[in-house]
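Chain naming follows the written order as A, B and C, and within any one chain the residues start at number 1.
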Amino acid sequence: MKNLLRNVSVLALAGVAAATAFAADYESYEAFAETEGYALFTANNLWLLISAALVFTMHLGFSTLEVGLTQQKNTVNILFKNVFILAAGVLTYAFWGFNAMYPGFAEDSAGIFAAGSWFGADNADVSLMTDAYAAYTWWTDFIFQAMFAATAATIVSGAVAERIKLSSFMIFAVILVGFAYPLAGSWKWGGGWLDGMGFYDFAGSSIVHAFGGFAALACVLILGPRKGKYTKDGKIKPILGHSMPLATIGVFLLFLGWFGFNGGSVLSADPLLVSYVFVTTALAACAGAIASMATSAIVLKKPDLSMALNGILAGLVGITAGADTVGVFSSVIIGLVAGVLVVFAILFFDKIKVDDPVGAISVHGICGIWGTLAVGIFSTNADHSFGTQLIGTLSYGAFAFIFSLVVFGAIKAVMGVRVSEEEEFEGLDIGEHGQEAYPDFSITSR
Amino acid sequence: MKNLLRNVSVLALAGVAAATAFAADYESYEAFAETEGYALFTANNLWLLISAALVFTMHLGFSTLEVGLTQQKNTVNILFKNVFILAAGVLTYAFWGFNAMYPGFAEDSAGIFAAGSWFGADNADVSLMTDAYAAYTWWTDFIFQAMFAATAATIVSGAVAERIKLSSFMIFAVILVGFAYPLAGSWKWGGGWLDGMGFYDFAGSSIVHAFGGFAALACVLILGPRKGKYTKDGKIKPILGHSMPLATIGVFLLFLGWFGFNGGSVLSADPLLVSYVFVTTALAACAGAIASMATSAIVLKKPDLSMALNGILAGLVGITAGADTVGVFSSVIIGLVAGVLVVFAILFFDKIKVDDPVGAISVHGICGIWGTLAVGIFSTNADHSFGTQLIGTLSYGAFAFIFSLVVFGAIKAVMGVRVSEEEEFEGLDIGEHGQEAYPDFSITSR
Amino acid sequence: MKNLLRNVSVLALAGVAAATAFAADYESYEAFAETEGYALFTANNLWLLISAALVFTMHLGFSTLEVGLTQQKNTVNILFKNVFILAAGVLTYAFWGFNAMYPGFAEDSAGIFAAGSWFGADNADVSLMTDAYAAYTWWTDFIFQAMFAATAATIVSGAVAERIKLSSFMIFAVILVGFAYPLAGSWKWGGGWLDGMGFYDFAGSSIVHAFGGFAALACVLILGPRKGKYTKDGKIKPILGHSMPLATIGVFLLFLGWFGFNGGSVLSADPLLVSYVFVTTALAACAGAIASMATSAIVLKKPDLSMALNGILAGLVGITAGADTVGVFSSVIIGLVAGVLVVFAILFFDKIKVDDPVGAISVHGICGIWGTLAVGIFSTNADHSFGTQLIGTLSYGAFAFIFSLVVFGAIKAVMGVRVSEEEEFEGLDIGEHGQEAYPDFSITSR
């Protein structure tokens, strides 16, 4: 029985070969484990794995931030979307994305068109990386990068919240995470054309954040604002979120996760580099918070908690491209600028009626560009040029924007992208899931 | 004064000897620290400690999941229970459980009856493990395993929520965690009779999860369903939870903690094995989510968030027994099957009027069995047999079930196990604690 | 353009020198990376960085604990304060505190007056610690200690909640974290007069917790109780919190973070010491919970969740001074005593009309003193004396108390420290921020 089922599974699923190879490789691995370099390899690999766990935590952060800043009636829908994005993102990355993003390009692809495959099939014999960067196993690389991959769609999720059709979002998210993100990511991190140009994006201000932010912008333009957000006489009516504690929990968890997002992007546990990246990351985040607090106090006449939270994220997105190459004082400046920028960006998009419930386009899109350009301004590495950084970040923003316009536009044409006005009014929790977020919540004491 | 008190403490408490021994051993430890192997030992030990912290996080995850899926009026009670389980679980494990579970068995015990003791007393001279598995200190081993131990009672806590008497639960939980879990655990992890048979359970699909799930089943059968859950005319009336955000936070934290639960069960920071376990664990969890989403969409005609969350847990429980021995594609299949299974199991138990508010019996009991059997089906290690896996998992399930029937039945006979109908209606927060979960919560804006 | 901006930035901000130095030092660092000791250094440094991330998590824990135990109408204000404390704390620590706390004292300062500076300027050439403790980089040291620094003001934040003026608090917090904390910290951890005396405070029962607790006491005395807390006829009217789940999440996260707070204070990943500290920390926390549960059940006639949570924290604060020097059984006793103590302390302060909404003075102040004295009672190191411990802890308590009396008193005289009675009644969320915590929260199902 056991053998029968195992044979069926082997026949049906080539992927099981990976485990066999895993076992087969073990001989040489054990020889490696006897070498002097093994202890350092173990420490390096451990940090990447812990970083993967930290980046995983960001998905919880995104989830609670997004539900906190939106209306109660769409909470179940948003949580469902975030669970789906993580699950589908990791699986599609295993099926195609990882091998598309990293091992390179088809011949004559000019470093633009990457080809991928299920990782178990093509890389069955690569259980241990052995090139110059060998600070982690192949599996570690996958899990760390897979946790990054789902982030792009998560960013979109926040911007399109409270009126997008669940099925349309799910299809779009899978295409974006499974296809567009690894393709574009390969341009730099897979050694493609932007890498060849000398473009620098340490942990992904452009590759992850501006990419997600501009994909979000395209979707929001196609989708239109939430009903009632902009009145007929041109006024902006704020639609408030339903839980600032949840939003704050989200931002703290994102800050925490960013130690892995940036710290893990060192791709080893190099004590000097990782600790330096921790410091620049934390300083930029803290500076972003202070700047947003001050800016909101001046512009909005009150110290605004949502803006303070967005200021932290702005600082984090801003430092992501250059966390290992800018000075510590520069990291403070990058954070301060990001914190000011994000407040004005949020007000600007609201003014031009781009309705983004959580400020994702401003935080990830605008500050992602800022962070990438900041490398061109503050980097201590003379090879980094402002012009190249500009080309790179515009390429990511433009590609994500146009790709999303086309794909999300096509989805709109085929099946629609927006829930009915009635469902939007009633809430997507009931409309899409037949569930409420707080069905038993009651105020018993008064 | 100082010496007086110290002497009193020494006389009164033999345990203080541990610290003395700790100091005494330091000489040889310092010699060890000069050796070449010390750096690797440090990295290995570090991972186990971090894993302990991750498994600790699961207790927060269980707490918020359980309160999220239950009624508001029982929230304080559930939180109190979870704090108690953790505290009592760690202390009883120190007092008896750890030494019962690991160092072995009394003579002529046939690998079944383990004897334990306070860890400070008997193991005062063992501050550093020196056997073949020496990848961590003795203290590290304790804290990692202690974090596991409390989990069994936590699983029960969810199933019996909303009608169990606090005092009865506390007594049962202490006996289960302090006595039954280490005893049964020793059969495999302590080198007992199941280990001798070749039974395999990597991180505890059976030893922790099926054990907890079937203990829960016994308790629920004795306790009976919540009032109003099953109407006289045979209908099932859903009793909804009070916060899906809390439930979702719980599942994300459990997913996070599982990287330590499974990853730490490698018992070293072995780069290849730990990273491989991360990948199989994440793939199974993601596959479980997708499968539950799809199954609920088909069976319940809606994409259900609770089921998606249970699907993640189902995938995690399912992969736990074989995370290091099955292929990556197999891990996806194991997760998919678990995700389908859990939906039908939850519906089934509801149909036969086994009232389990959080689905713990299905998630931990049923998927725990599935995961253990899956090793017999998908393992790449030819020594693993379906038959042995079946014997092992049934042994754990049956022992937990019968033990709980007897002990919980005895508690029922002596002092009762269920709150009064009036208290159940009013809520256990007021009834058992005189506190409310949200006493100052009010809706001020409308 | 790039060079222009970079030059401006260099001219304007001396701190950028740090990055240059960072690059300059890299030569020697690379040589170090080839040595045998580098793998161990990497593992040690990694643990300190992860500990920094864990201590960071404590700030989220403090935030949710504080909002959970206070009224809904002050939630935004409390979250804002906590974000501000973290951001301002890290930045001021970079600007002055870190260099004041550690590298020592001005000549003729008698180990009392420490002088600091922006860390990038003075320590540009110190990117790698090379003294006897060299288990981490200079940047690692900064980020770990910076995460500690903000804690002192966070403790105060809880005690003064629900009636303090935001601007006054912000000014006080910056002075306390930026100036008083590093100064006092240097007395022991910077090698000052208390260190010379043989005072021992492993991870800061006095230096962090009693310091924060007695600063809080001074502020509360100046501020006075919340309106309505103590009625004219001498009765105590409880003002209940608004979310026990948030409070519980907070305590679990603090427990988690404490593994880094105490474990990281080993200042290396020494397997024996760190694992031993994990065990004593966990046992004390669990014992504290059980003791508070029992004490509250006896004294208050009900098993109280808030007290159980405070018991965990009491145990953690209590073990912090001696986590590496007391026996494991002693750690249980220390936790038990702390758990009893905190219940009576909370009741006592309430009786004498010191209104502390979250019990911070009892948890951090009283148990901080207890933990410091416990080293004098239970330490296995004969050099630790009760008398010295008493002098040390009273010095920290007295300094924090008097400093806060003077500074907070001066702030009161200049600008006031308390919101208007009307604002207090309406809530600080509206009064200070014009925001509500749950603006869209509604009970739709009934």
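In this text, contacts are C-beta pairs under 8 Å (C-beta built on N, C-alpha and C of every residue); 3 or more make two chains touch, one makes a residue touch a chain.
Keep in mind that this is a model prediction, so the values were computed, not measured.
**Student:** Have a look at which chains touch which and call the overall pattern line, ring, star, complete or other.
**Tutor:** Topology of the interface graph: complete, with all chain pairs in contact.
**Student:** Have a look at where subunit A meets subunit B and say same if over half of the interface residue numbers show up on both copies, different if under half do.
**Tutor:** Subunit A and subunit B contact each other through largely non-matching residue numbers.
**Student:** List the centre-to-centre spacing of subunit A and subunit B in whole Å, with centres computed as mean CA coordinates.
**Tutor:** Here the centre of subunit B sits 32 Å away from the centre of subunit A.
**Student:** List, in ascending order, every residue of subunit B touching at least 2 other chains.
**Tutor:** In subunit B, residues 36, 39-40, 43, 46, 50, 243, 249, 436, 438-443 touch at least two other chains, as defined above.
**Student:** Subunit A touches which residues of subunit B in the complex?
**Tutor:** Per the stated touch rule, the residues are 36, 39-40, 43-44, 46-47, 50, 54, 70-73, 239-245, 248-249, 251-253, 255-256, 259, 263, 269-272, 274-276, 278-279, 282-283, 285-287, 289-290, 293, 302-306, 308-309, 312, 325-330, 332-333, 376-378, 380, 385-386, 427, 436, 438-443.
**Student:** In the complex formed with subunit C, which residues of subunit B make contact?
**Tutor:** 1-2, 5-6, 9, 13-20, 22-23, 26, 29, 33, 36, 38-43, 45-46, 49-50, 52-53, 56-57, 59-60, 63-64, 67, 75-76, 79-80, 82-84, 86-88, 90-91, 94, 118-120, 127-128, 136-140, 142-143, 146, 166, 243, 246, 249, 432-446
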